[in-house]
Amino acid sequence: MRSITFHQATLEALQEEFRRDHKTVHLSTDVPAPLRQEFGAARIRATPISESSFVGAATGLAGSGFRPVVNIRMATFGFVAMDQMVNQAAKITYMFGGQARFPIVYRMSVGAGNSMAAQHSINPYPMFMNVPGLKIILPSTPYDAKGLLKTAVRDDNPVMSFEHSALVDLAGEVPEEEYLIPFGEAALRRRGSDVTVVALARMAHFAMDVAEELEKEGVSMEVIDPRTLVPLDTQAIRDSVARTGRLLVVDEACRTCGAAAEIVSRVVEDEAAFARLKARPVRVCGLDVPIPFSPPMERYAVPDRKRIAAAVRDLLKR
Amino acid sequence: MSTRKELLVEMYVRMITIRRFEERVAEDFQRKLIPGVVHSYIGQEAVAVGVCANLRREDRIVSNHRGHGHCIAKGADLDRMMAEIHGRKTGYCKGKGGSMHIADFSIGMLGANGIVAAGLPIAAGAAMAAQLEGGDRVAVVFFGDGACAEGEFHESLNLASIWRLPLVFVCENNHYGVNMPVREAMAVQHVAERAVAYGMPGRVVDGNDVEGVYDTSAQAVARARAGEGPSLLEFKTYRWRGHFEANTILDLRPRDEIEAWKEKCPIAALERKLVREEILSPKQLAAIDAQALARVEDSVRYALASPLPEPEDALEDVFCV
Amino acid sequence: MRSITFHQATLEALQEEFRRDHKTVHLSTDVPAPLRQEFGAARIRATPISESSFVGAATGLAGSGFRPVVNIRMATFGFVAMDQMVNQAAKITYMFGGQARFPIVYRMSVGAGNSMAAQHSINPYPMFMNVPGLKIILPSTPYDAKGLLKTAVRDDNPVMSFEHSALVDLAGEVPEEEYLIPFGEAALRRRGSDVTVVALARMAHFAMDVAEELEKEGVSMEVIDPRTLVPLDTQAIRDSVARTGRLLVVDEACRTCGAAAEIVSRVVEDEAAFARLKARPVRVCGLDVPIPFSPPMERYAVPDRKRIAAAVRDLLKR
Amino acid sequence: MSTRKELLVEMYVRMITIRRFEERVAEDFQRKLIPGVVHSYIGQEAVAVGVCANLRREDRIVSNHRGHGHCIAKGADLDRMMAEIHGRKTGYCKGKGGSMHIADFSIGMLGANGIVAAGLPIAAGAAMAAQLEGGDRVAVVFFGDGACAEGEFHESLNLASIWRLPLVFVCENNHYGVNMPVREAMAVQHVAERAVAYGMPGRVVDGNDVEGVYDTSAQAVARARAGEGPSLLEFKTYRWRGHFEANTILDLRPRDEIEAWKEKCPIAALERKLVREEILSPKQLAAIDAQALARVEDSVRYALASPLPEPEDALEDVFCV
């Protein structure tokens, strides 16, 4: 199968969906040239730097029968438009009793690793998970990115796509034929029997590396990549933990009230999974600090392979 | 009757309907029949009615927290409005929204909004939709003087002007945001002076003169339909009642100021004109009023006869499927 | 001891602190008359409805040696100023290497129960817990409200005070003498041996009612009110669970990625507490829906005494 | 030398220092010595220097993502700046901030900022502090043309005008926000036209003429010191390099436009003037330049000799104790 980058995969997803449905429109401060060329300046709009206005405009467009895709670029720029996402788009279907559909896709890049410092390195998806009315995808491979983004464009609800900046140039197999990936189905990246490692976004790759490394030590790691956080494939995770008896959640986002806390809670509050737990569940997350600029500190602030491996080894001691 | 006369009568019907509707809502709120809070539109009827008289069903409006008048002016159904305000299952939003979140997408009423100025970007999107559709639909957004201090005011006027969106910005300057006088909230005299910052026309108009409102917005709507872009209209008006129907916020406005504005009642002014120009007799006026009142009473009966939602209904409509 | 309302207690806290330190200033769209009278219009400012500007101004004031208190009123109005809180104030001490202090208090009212519908009934503190650099207090009594708010004004960091709207008129004992309550010390509301119930804000009162009710059935409930969420008194909660063997967390905020998920996770990831758990930990939280307007639905969307009692009874069956 | 001449020389020293500093930063970035991104100030030196020449140490400035020039103009230490840019422990922020977050509170430099327009409200707070302090301190905020579309631009100008804050709004209009031409981002010709919406003076000035910048901002600063309130100054200028020193964003600006603006180099213009008016000889100029270069080279040596932070330092400074 051909191999393309994460970036190309998301571009293809939009190209295909924009061809398919002429009600799709694109809003962003910097215009993706291939989209502008193919679909014109009316549908592919370059916006001023005023996120509230164009994020809010997306809601008005959606409520008027269009399917806007908003590329906010770095997730951090979304905070100036926060009300329009969490207080308008997320609640509007509900507040209006379901009388209108609001198909909106927000794309935001996230993640540390490029020395972009505190404001440009955040992973805010846990904040949005706490807001009912938003679907959230978090792809880790070009294949998933394309399939999930296409599903997102067709979804009749606001969907946030968080895309890790360190994955943009990652290449991976993507079929020529069209495909969609449904929301709420985790990817079982690797079967294993000793421990369930739920790893998000970039961390899924780290977890796979660690699994390979630890295999040499006789450790059998199961690696699950949820791919979508809302809805979350809770069942797949619980089932896995019920089999392995051990849970490690790895997430680059900050620990407190993070996605990992939610995943741990969903597992332990399940009778079956709880009963099978052989050891306390463990989280390896981004530290509860703003991301520092200088590389030694930045590397320390987010999980790495070593920390993941250590956590797995520690878990297996019990 | 000539078209102009018909228009005046039609506007009168709408205005008196809003007035009677709002009076009844206030009354029922004080009688604790209505949950939450409601923001009364009494005193500002000429704005919603004068503006919306220029609109077609397929044109879109976006409203704010003080939205009942906009709904009625755009043609919303009183029964379903009243049912929503009473939290009934038959309401526009199945009881999920209440007074602050009434919407009727089928008539282009894209929703009231509890967040000050949040409707402006949404309206820009609705106007962009109209532009993409290629017809001559327009969008109108209603907001208060208080909203003009928010960043979204600026961002939306800017976006609308650079994209020449078919959008009319309607500022209902009732001189206060809660208790903050607009003269303390900005250093210019008129909100509409800010139009120059966006290269769009700005107009300051008596918001209690429904004909003036109609004529001014007719120009702005025509401009929008012609693809010439947005306008900023400021209508000076006043709300008669407190910020909302609840005693958690004191009304600190001067008593005599309130009374003076009541003298400038937009409905009484229109009545005088209709009688003076012999368009309607006092008797006809009274009949229209009685009919409006009856419609409002019907809507209350409808609301009260409607079932409350089931508790579990709370689980529906988070997402549409 | 005299009894005053929650509202009066917070007002007294500000009055005392504003007398104590003339560098304190107050910003809000509606001015508290007693403060304006005593401290004048220069320090007690009425702002236009432009939250980003005055929330941001608080940061500039703080960085210039003042101690601003910003009353945002309903938490929902804070979303339009989100960047200034989570991306500026929260990170600024850190990004600048600790060279300046940013003593800022943000007060926000939260909570459902008044049929204010989705936009006006939110409990967004879990979102802010995910943001390092913000301290968070969540008082449930007049006594705590006063003591914590005074501590907040003296703290050299941004502190968010979330105050439940249904508690504003609640009366309670507050001494005439000055006192402060340190952050990070949970209040043990009631000793018990069968189950630890961690209950936040208004839920602490519900939990106390349930404890009394269930006492008649021979159930001994321990009730802990964390009072501050950042820092969180993790130790007190873990110790309690290690004693009772059972954990229920009750929070009105939305369940997913909520404070309850964090509390559950902190307990289960602790060796000692985990080892003593006799039953799976349970969360009773606000449903993952925007808050609906109509009372029957609104009541259903948030925890009530019945649901808490049922959860406790169910836990004790195991 | 007369004061005016001294001023010109002093401004020249600052401008050439910024230029040499930024050249070296760009070079070291290309050599991958500097992590993250840096936004070059080359081409805009006259703005920061002309404005800050009016300020005292205790006056406060707030900057944006393109902040090196503002820091140097306000008197920041090159060593600690360069160390910060290189992520060293000896940097202004102990390596926690980097290029986009340099601050020096001891000289009233309240920080660069990675979020477009976020500095404006912060500056309003600094100006309010000055007002409360009761002296004649002022605050200045630097922002780009792109920032003028953000809501915080509007909110801050409004707040400053109603409270008559001692604040000078300095828009560095370099004609683009990344690749978005300012003429497409707003429907008026000049940002400063927007001053009328706030009842404050607005001025449009050649931002490459340091004397003009100095004189215009002198008036605005004097006005602020006198308690007469804020001003909006717009300086037309141009950045010579790409949006930032990284190749992830293409520079789509016309080549010949860039070249034309290089012809209008603010430093070359000042040099010509200094020589023409016989304030400095070409030789003296060269000596100053050499000295600036040496200072920059020293700062690089300082930075490179400084230790990187320990990984665990990441845990400090989340809160101050």
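As written, the chains take the letters A, B, C and D, and residue 1 is the first residue of each chain.
Just so we're on the same page, a contact is a pair of C-beta atoms (placed from the backbone, for glycine too) under 8 Å apart; a residue touches a chain by one contact, two chains touch by 3 or more.
Quick caveat: nothing in here was measured; it's all calculated off a predicted structure.
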Separation of chain C from chain B in steps, with touching chains one step apart: 1
Gap in Å, rounded to a whole number, between the CA centres of chain C and chain A: 29
Centroid distance [mean C-alpha coordinates] between chain D and chain C, Å: 40
Interchain centroid distance [CA atoms averaged], chain A/chain D, Å: 37
Rounded Å distance, chain B centre to chain D centre (Cα mean): 46
Where chain A touches two or more other chains at once, by residue number: 48, 50, 52-53, 76, 79-80, 83, 87, 94-95, 117-119, 132-133, 287-290, 292-293
Of all residues in chain B, the ones touching two or more other chains: 93, 95-97, 101, 113, 115, 118, 149-152, 154-155, 158, 162, 184-186, 318
Category of the chain touch graph - line, ring, star, complete, other: complete
Of chain C, residues touching chain A in the complex: 52, 76, 79-80, 82-83, 86-87, 90-91, 94-95, 117-119, 124, 126-127, 129-133, 230, 253-254, 256-262, 264-265, 268-271, 274-275, 280-283, 287-290, 292-293
For the chain B and chain A complex, residues of the former touching the latter: 60, 62, 91-97, 101, 103-106, 110-111, 113, 115, 118, 120-132, 139, 151-152, 154-156, 158-159, 162-163, 316-321
Complex interface listing, chain A residues touching chain D: 29-30, 46, 48-53, 76-77, 79-80, 114-120, 287-290, 292-301
Residue ranges of chain A touching chain B (in the complex, touch as defined): 25, 42-43, 45, 47-48, 50, 52-66, 68, 83-84, 87-88, 92-102, 132-133, 135, 156-157
Chain B residues within the chain C interface of the complex: 35-37, 87-88, 93, 95-98, 100-101, 113-118, 146-147, 149-152, 177-180, 184-186, 249, 308-315, 318
